[in-house]
Structure formats: C-alpha cells, structure tokens
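Presented below are the structures under discussion, each in the form of structure tokens.
Presented sequentially are two complexes of chain A, the first with chain B as partner and the second with chain C.
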Partner chain A sequence: MILVKDKDIVVPGEVLAKNDYYPGRGTFKEDNKICSSHVGLVSIRNKQISVIPLVSKYIPKRGDVVIGEITDIRFSMWGLDINSPYSGFLPASEVFGKEKRGLENIFNIGDVLFLKVVDVDEVKKVKLGLKGRGLGKFKGGVLVYITPSKVPRLIGKRGSMINMIKEKTRCDIVVGQNGVVWVKGDPEMEKVAREVILMIDREAHTSGLTDRVRDTLTELIKKVKG
Partner chain B sequence: MIIIITPDEFKRVSQATREDGRAPDEIRPLKIEAGILERADGSSYLELGGNKILVAVYGPREAQIKRLQRPDRAVIRCRYNMAPFSVEERKRPGPDRRSVEISKITAEALRPALILERFPRSVIDVFIEVLEAEGGTRCAGITAASVALADAGMPMKDMVVACAAGKVNGRIVLDLSEEEDKRGEADMPVAILPRNKEITLLQSDGNLTQEEFEEALDLAIKGCLKINKIQKEALKKKYGE
Partner chain C sequence: MDIVPEIIRENIINLINKKERADGRALDEFRKIFIETGVITKAEGSARVKLGNTQLLVGIKPQIGEPFPDTPNMGIIITNSELLPMASPTFEPGPPDERSIELSRVVDRCIRESNMLNLEKLCIVEGSSVWLLFIDLHIIDYDGNLFDAAVLATVAALRDTKLPTAKIEEDEIILDYENPQPLPLEDTALMCTFAKIGDQMILDPSLDEEEILTARLSIGMRPDGTICAMQKGGEGSLTKDDILKAIDITKGRIPQLMEELDKTIPQAR
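Right, the complex of A and B next:
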C-alpha cells in the first residue's frame, strides 16, 4: 500500500508506504512501514521508494572531484576545507618528490584548488590528490556554494545546463562534487553566473527549470550589456 | 428573579474556559517558519502565544574539540538562552542553573530522533534563543529545534514535538501560559516522537495524583500531535507546496 505520490514533498518521520515496497536512499524501514528520514522529494522506481534530500552535506567518497580551500600548512601536508563535515589533507608527496621544503611557496593559506579524493579511511581522514587532468590551483574567479545533492541538476543531462551557462556568460565554470562552484570571467558576467547558479540551487526541485534558467540568463545579460 | 453572584475563582471553573478564553484542551495560537537565517545550515522561528523563539542549527561539522568526538556517531550540543529583554524583569545575561538544565534536557529529547551514526566524528550545534517568554519555552524550544534540524537536512527517524499539560484550579489543562504556570498546581512538559508516540522528555513540577497524571499525559500527547501538523506544514511551505 502506498501513501504518497512521485515527487511529493515529505518530512522526516512521514510514513511513505506499507508492505510490498522496498526502502531506498533517504528512507528507513520500521516494522513493515517505510518512512522518510529527510525533507525531500519522493521518487518511486519499481517498488523501491527513495527520498531525494532537498538539503544535504557532502560526504567525501573516493574518486570524487572537489574544490577545496587551503586552511592549514603543516610539516609535510596541507589542510583543506572541502565544504563537508570532514576536512581534507593534501600530502606534500602529491606535489614534489623526496625533499619536502617550502610548502608555503607552492600553495598558501586561502588558495583554492581543484582536487581528487584519493582515499577516505575508517576515521574519515580524507586524502586528496592533484594527479589527473585539469586538477590544480585556480587563479582568480569567485566561488559559489550550493547544496551538494543539487550538483547533478546544475550540470544537467550530459552537461546541458552548465554548458548553456558557460556559453551565454562566456565564463569558465568548474563544479566540484562537494557543491563548490568556481566561476571566472568578466566581473559582470561572474555576477550573472552566480545569480543563475543560486537560482538553480533554490529551484532544483521544480520542473521546467532549464527553460526558466535560459530566460533569466538572457534577461540578466541584457541588463548588463544595457 | 434571583441573581447569584459567584466569586471569580468559582466562575472560572464552572465556565469551562480559562483566563485567556481557551478551552481546557486548546493550545495557544502557534506559528512556525522554517529556514529564515541565511548563514545557518538550518533555522526556524516559532511563536506560541507570547513566546518568540529563534533556533539556529550548524552542522554536522568537524568537531573542533577533539575530546568531544565519538568514533561511531555525531554529537549533538544544545544551548538554550534567554535574551535579557525576554521577560518582564531584566534577566541577567548568560547561562544560569535553569538554562543549563534546559540545554541538557533539550539535547536529550532530540537525540533519539536523529540518525547520528551517519556522521561519525562530527558535531551538530543547536542554538535556541528565547526572544520573548510567556511560559512553556522549553517545549516551544524543542518543537522549533526539531524543525530547524530537519531544515538543516539532518537525517531523522521522526520529528520531535513537545507540549506541556498541567493542573490549574483543580482542572487538567493543555499548554499552560506563564500566568497559569505561576498560579497552577502542576506543570508537566512532555516531548514525543509523534509517529510511534515514544516519550523523549517528561518532567513534572507540582503534585498530581496517578489519575491526574495519566489524564495530563494523554492530553499532552494530544497537544503534541496537533503541533506536529503545524511543524510539517512549516517545512513543506518552505518549498512552496
């Protein structure tokens, strides 16, 4: 027996279904009731019910690409804030060979890097790496923070949404899976891109978003060009 | 025609309504709003009669104090604070015996609802600020804190909702106001998880017989369920339903 519809907004503790359904992400089973554990949208896929959270925190996973800011320099590693309950570290060996001197000459506190999560161990120590295509330090630009669970919406189907924003604003945009977005371009266009990204974050759960984003973009760009 | 003049005290009992005109099983007007603070992870604002309460939730975030960390779960910290201007007579700012107690019982009332195992080695901070107080602030604080936690995206087994019942003029009534609390014989705050009606907080101040206690508990749970509906509406309203 099902008590909710697809795409309904539910709150924690709400009973979604009884018997013959399976609990998916964002839900749990109690006796034979399936309940929501988040504020989110219901998604039903062949007898499996899950709740997509409307807000969430980023939990680091091996293989993710993230954007982090350096907050600490130690003897042989950098400490980074990756917009998560757990901070990350970048070992000096990722950058140079054997000698480990002058870490602050390479990256200093406040620098923003594009990194890969190499490993997350049992004690939630997040090891980061710089080996890979496009990874490294950002020069200039602004950071925009969104909810990590909305990153797929910002990118869109095969990058449709993000490519549209890139094209229209002529900005370089990099999205980290931790919900940090780096934008660089013309200062006025950076503002437009920021506005639009925050709009997607706010309205990610509504339908017909791509069209609305396109309209807002055109409008904002017209205003800038004036 | 005979006119019988009854003293005020008797009149109130016979009228079946209370000083502020409420029925015995009626709560004060309640308003909850979710997500009103920009910089907090989750927040809520609640008005219950003359109570005005603001709650901010930060986290789960990295525990700055290492000895607080638990390797298998997150830790919840609460701070209940009354603003100096929240009561008639200016309250001396800072924590006192009462607010330390309420901070502790609030954390304990909320803990069973949270799925803390999801975020090992992190802390969740809940700040409850009482801007105006008019009786029943600890219950209102728990109700608002649970909305703020859900707004922060914290995984929860259920919402937590609290409501007080007590005895005033020999009658069991719901949601005591400050005036009733002062004059009344007993005040009993109750917090529950509304789905399976599990009790997470039960305090009692005053004297109740066993029958009275049971009646008050039933009434408090009824009140909680009413408040829970408004909690849910507040969360859904934020996302435009």
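Right, the complex of A and C next:
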C-alpha cells in the first residue's frame, strides 16, 4: 500500500508505504513500513521508493568527477576541500613520476582543480586523481555552489539543460558531482549563467523547469545585449 | 579563516575594480535587512536581525547588582557574544576567541560611547544597587559583517526592553513587574563596516569579500552625524581619503538603517 505520490514533499519519519514496496535511497524500513529519512521529494521507480533530499551534502563516491580546492600541501600529497564533510587528497604520484619535489610549484594553496574520485576507503579517505580527459587546473572563470542532490537536474536528460545554457551563453561550464560549478566566458555571460544555475538550484523540485530556464535565459541575454 | 579559492578572489577583485560586486550590489549598498523584536519571551528585551544571510539573536537580561566604586550612581552594561559552531565551519566551541571578543567590545563601545543609554537613570540606590544589563549576542548564521548586524540587533533589543520599576520601601528594593518601563534611551547609534579591496572601500562586506579584504573599518555614528566608535581591522593600511570616504558613505547610510529600525520598533517616548 502506498501512502504518497511521486514528487510529494515529505519530512523525516513520514511513512511512505507499507508492505510490497522496496526502500531506496533516503528511506529506512521499520516493521514493514517504509519511512523517509530526509526532507525531500519522493521518487517512485517501479516498486522502489526513494527520497531525494532538498538540501544535501556531497558524499564522495568512486568514479565521480568533482571540483576541489587545494587547502594543504604536504610532503608527497595535496590536501583538497571537495565541498563535503570529508576532505580529499591528491597523491604527488598522480602528477610526477618518481621524483617528488616542489609540489607548490605545480599546484599551490587556493588553486581550483577538476578531479576524479579514484577511491574512497572504509574511513572515507578520499583519494583523488588527475588522469582523465579534461581534468586539471582551472584558470579564470567563476565558481557557483549548488546543492549536490540537484546536480542531475542542472545537467538534465542526456545533458539537455547544461548544453542549452552552454549554447546560449557561449560559456565553458564544468559541473562537479559535489555541487561546484565552474563557468568561464564573457564576464556578462558568466553572470547570466550564474543567475540561471542558481535559479535551477532554487527551483529544481518544480516541474516545467526547462521551459522556464529557457525563457529566463533569453530574457537575461536580451538585457545584456541591450 | 577559510582559504578562498584563487578563482573567487580574482573574480571579486576584478568586479570591484569595475565597481561591481558578485551579488549585484552597488559598492555602498547594504544587503537586505530584516529586524524582528520580542523573539525571546524569557528575556526582557530581544531582537533577531538578518543582514543578507548573516543572522543573529540578541537578548537583554537585567539584574540588580553593585555599581563600580568610581561610578556609584551609574548602571552597568555587559556585552557578550557567542559564535555558535553551527554558524560557520570556522567557529569552534570553547572559550571566546579573538573574533568573539572583538565583536562584543565593538558593540559595547558603540552603545556606551554614543551615550544612547542614560546609565544614571539605571541607578536604584547610589553606591549599592544599580541595574546590570547583560547584552548577549548569539550568532546563528555567519555570512560576513557581524558588526553592523550586531549593533543593529542590540539597538533593536534595547528598544524592546522593558524593566520592572524598582521602589525602595523600608530599605528594601521592591520590584513592580506589573508596570514595566522602557529603558532610558536618549539617542541611537548604528554602525557601518567597510572593507578595503583593491582601491575601493565597500560597504557591508559578504563572507567572501571579508576573507580577501586588506583592511576593514567600522564606523559607529549617531543620526546627527557624530562619530561615536571606530574599529580598524585587517592587515593592510587605510589612507586618509579612504577614511573620509567611508565616513561620507556612513552619513548617507545611517538614515536608511534608522528607517529600517523605526519601521520595526519605534523609539518609545
């Protein structure tokens, strides 16, 4: 028996369904009842119920691409802030061969990098890597922070949303799974992109978003071009 | 202090050099101000202020105590601030740190030196009993510029405060809780804080701006334009022109703060 509809807003402890359904992410099971553990939106796929939180923190997962900021340099690794309760580290071997000298000459504190999560161990030590297409240090541009659980919405189905923003603003946009977005292009267009990304963050739980984003984009761009 | 990514630092400085800001404000513009009073029922006066995403709560608790020997006929104000760890990742639990002490001292100075509160009227029996006013600041959300928000909240809380009337009968102090009186407020003082970034002085710095500033200047001013408190922070230096410019902007902005304050809680007459 199901007690909620798809896309309903629920609070922690709210009973979502009884018996014949499976608990998914953001839910827990208690005496045959499936309850929510977040404030968020219900998502029902087949017989599985999950709750997508309205506000979340990024929990690192192997294979994710993230945007991180260097906060620490040690003997053979960099420490990074990845907008998460857990901090990441980038071993020097990802950049150098055998010789490990002068780490600060390569990346310094305050640099922003596009990285891949290579491994997350039992104690949530996050090992990061730079081997892959497009990974590396960012130069210029602006950073926009959004809620990590809304990243899929910002990207859209097969990248439809993000490609539309890229096309219309002619900006380079890189989205990290950790909710950090890097935008670079014409300074005025950077502002438009930032505005739209924040709008998606605010309104991710509503329907018909793509159309509204398109309208807002056109309007903002018209204003910039004056 | 948090480490600010190089990209954000560059972006803010570039914008400010073009006289723009990341959140679209003008250089001499406050964020949205929200004031609410009477939020703590257990306190005699209280206020909650939001300045953009910075949020804090002020409570005022009176107590009868002994005056200081050098001012036997004056009440006492004691300001304390608490930077709650949930307000920012950089706030730690434990004894007050440098920032907390600076905040309470700046607020205290702005209230005290403006003479807005007539301390002589807080005396009950000269030399033995006066009112002690505890001003407690609790920072709930930290997004830069605590000083202005704290002074604004304190003034609002003081305006909201009602003290029981104290009478002396047969050498004993009798408190009349039935007819509480507002505090003897005779003036107002508010504060404007500036950050020097590049060559510009910007009003009401946000958290990102505060973290990259070279120098900070807070000016406490009464509505008639007299300066009652000042505090300089940061590692960099300020020129004479910077300070004069900041004072000019403060003069222009105090009426706006006064208006916000009067709208929520007018001065009791």
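Structural remarks
Everything below uses one rule, namely that the second predicted complex is superposed on the first by the 226 of 226 C-alpha atoms of A that agree within 3 Å, B and C clash if a C-alpha of one lies under 4 Å from a C-alpha of the other, contacts with A are read in each partner's own complex, and residues count from 1 in each chain.
Throughout what follows, contacts are C-beta pairs under 8 Å (C-beta built on N, C-alpha and C of every residue); 3 or more make two chains touch, one makes a residue touch a chain.
All values reported here derive from a predicted model rather than from experimental measurement.
With chain A as the common reference for superposition, the partners chain B and chain C occupy clashing space. After overlaying the two complexes on the shared chain, residue contacts for A:R153 are found with neither chain B nor chain C. Using the contact criterion defined above for the overlaid structures, shared-chain residue A:K124 touches chain B, although it does not reach chain C.
In the superposition on chain A, A:E69 makes contact with chain C only, while chain B stays out of contact range.
Set against each other, chain B and chain C touch different numbers of residues in chain A, with B touching more.
Residue contacts after overlaying the shared chain place A:S87 against chain B, while chain C stays out of touching range. Of the two partner chains, chain B is the only one that A:V39 touches; chain C does not reach it. In the superposition on chain A, contact of A:G110 is made with chain C only, not with chain B. Of the two partner chains placed by superposition, only chain B is touched by A:V15; chain C is not. In the superposition on chain A, A:R212 contacts neither chain B nor chain C. Partner chain B is touched in their complex by these residues of chain A: 9, 11-15, 26, 28, 30, 35, 37-39, 53-57, 59, 85-87, 123-124, 147, 205-206. Residues 69, 71, 81, 109-112, 138, 140-143, 182, 187 of chain A touch chain C in their complex. In the complex of the two chains, the chain B residues touching chain A come out as 41-42, 59-62, 71, 74, 113, 115, 119-122, 150-153, 155-159, 193-196, 231-232, 235-236, 239-241. Partner chain A is touched in their complex by these residues of chain C: 3-11, 14, 22.
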